[in-house]
Amino acid sequence: MAVFQWQRQIMFRDCDPAGIVFYPRYFEMMNDCVETFFDQAIGWSFGQMHINDGLGVPMGQISTRFEAPSRLGDVTHWRMWLTRLGGASVDFAMEALGGDASQNETRPERRLRTEGTLVCVDVQAMKSHRWPEAIRTRLAPYLEEGTA
Amino acid sequence: MAVFQWQRQIMFRDCDPAGIVFYPRYFEMMNDCVETFFDQAIGWSFGQMHINDGLGVPMGQISTRFEAPSRLGDVTHWRMWLTRLGGASVDFAMEALGGDASQNETRPERRLRTEGTLVCVDVQAMKSHRWPEAIRTRLAPYLEEGTA
Amino acid sequence: MAVFQWQRQIMFRDCDPAGIVFYPRYFEMMNDCVETFFDQAIGWSFGQMHINDGLGVPMGQISTRFEAPSRLGDVTHWRMWLTRLGGASVDFAMEALGGDASQNETRPERRLRTEGTLVCVDVQAMKSHRWPEAIRTRLAPYLEEGTA
Amino acid sequence: MAVFQWQRQIMFRDCDPAGIVFYPRYFEMMNDCVETFFDQAIGWSFGQMHINDGLGVPMGQISTRFEAPSRLGDVTHWRMWLTRLGGASVDFAMEALGGDASQNETRPERRLRTEGTLVCVDVQAMKSHRWPEAIRTRLAPYLEEGTA
């Protein structure tokens, strides 16, 4: 099984008056992670997907457990993989690990864990649409073994 | 049981290139709904809570099902209530109902349904902290019957 | 001359780790103010404008002076008026006045002052487009005297 | 004179229903550019600045001209330099150049041009504070010749 990896530093704009990441900003990071996964791992950029192909992958449902706070300057390491590949949807799991950017941490701490469902849709009709066959083929290696 | 109600029009800044609400923006709305609930229903504004009392209510976990898209100009009607009141946390449920602003809809459509856990924390120590007794008393009426 | 007035409470999501409004969030407020001006004062909602009429009013240029910080819970009072009404653009001025929500301030403090240019465009072609005549007529009363 | 350079791809979350960057998101990019300039060019991360040193660099005023729209997937190339270095403030200029990510553009197009003033402040007192001498020394090389 392949796991997609992505990295994101916590910026000033992510943080709230308590000095930690404001949780809706995490969902923007998750969206960036999914977008970068489709671009870099699958070879299907959101520009190509939305503008040329008229398709999109909106979130159908998402469940997130916030396990530890992230702070300004932390570098968060994201991992994303698939747990079910349906005809017009895909279930994924994602986690973000972090460490204080200024320290050499030997054991990164898990900041959050997410599970969600992306639905492939025809953007114009806003109706579900089967994955293009080439995309399905490229998604398959990210499927966790024993979950298909 | 009391249910907190709140209303929010979908603005241009909420919408993505597909013309529907970009889902991380929904989490900002949920945060506004929780903040307004504490201010108006409980009488504990986030200013009072964070600045004067040194407490906060970060999200511990949240699960959301997006059932139908919302569009620019839609007025969304939010309902929030509690499903468990713990010593230093509270579980809540929330739903957003919508209708095309330009039509007289008789049956509003559910756009999303959320369940989450807010944890009362000491912001400085970032550790859980028992609800102040006065707050606990004011939270209780929003608890769904049969769920305590 | 008519002045459009609008009110906005500073929410948790607007504030940065220093406890004051993160300035890009002010630009979201300005966009909400412009959007509400077109909806309520001009009778041209962004939904009607963008979806039905295929037009938009992107910002051509904007200059803002931040005069005093706003804090969590502050209620900001916005005033907007026009300083030039062109064939396919309009110059506006805007200011936000604030006061601590918890005090009876007799003299509100100016938080910021903005001047900008909105350009009426055909969204598909992304080219400037003359104001529809009915819209031009409704914009005129908001023009500051002696500035036409 | 040194010029700070930074690169940012336009993501889905940056774009509005017209398919172009929603302008308040540009101000978030500008904030990221300033933050990365202080971190990478000056060696003063916002974490160090805010948390350890109790200082901040809020925007005092900013003027931006939007010259051409940016679209989903575009890579924008940012350039930032200084035009005045005061005792407790600094004026900067910034521009973003872009090109369609999918094409080999020979002449990049300017998307926006900004001029602004950052004020060094004591975050607790929210009062202006002289630049630490070591920071001043490291800012100087980014000053445009003939502008000191």
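When the chains are written out, they are named A, B, C and D in that same order, and each has its own residue count from 1.
Everything below uses one rule, namely that a residue touches a chain if its C-beta (ideal position, glycine included) is under 8 Å from a C-beta of that chain, and two chains touch if they have at least 3 such contacts.
Worth saying up front: this structure is predicted, and the values here are computed from it rather than measured.
Shared contact partners of subunit A and subunit C, listed by label, are B, D. Of the two chain pairs examined here, A-D and C-D, the one linked by more C-beta pairs in contact is C-D. Here the spacing of subunit B and subunit D, counted between their Cα centres, is 35 Å. Spacing of subunit A relative to subunit D, judged by their CA centroids, is 28 angstrom. Once the centre of each chain is set as its mean CA position, subunit C and subunit D turn out to be 24 Å apart. Multi-chain contact residues, meaning those touching two or more other chains, occur in subunit D at positions 12-13, 17, 19, 22, 24, 28, 31, 50, 72. Remark: subunit B residues 12-13, 15-17, 19, 22, 24, 72 touch subunit D in the complex.
Every residue of subunit C that touches subunit D in the complex is listed here, in rising order: 17-18, 20, 22-25, 27-28, 30-31, 50, 56, 58-66, 69, 123, 126. Contact residues on subunit C toward subunit B in their complex (touch as defined above): 11-13, 19, 28, 31-32, 35, 45-48, 50-51, 71-73, 101-102.
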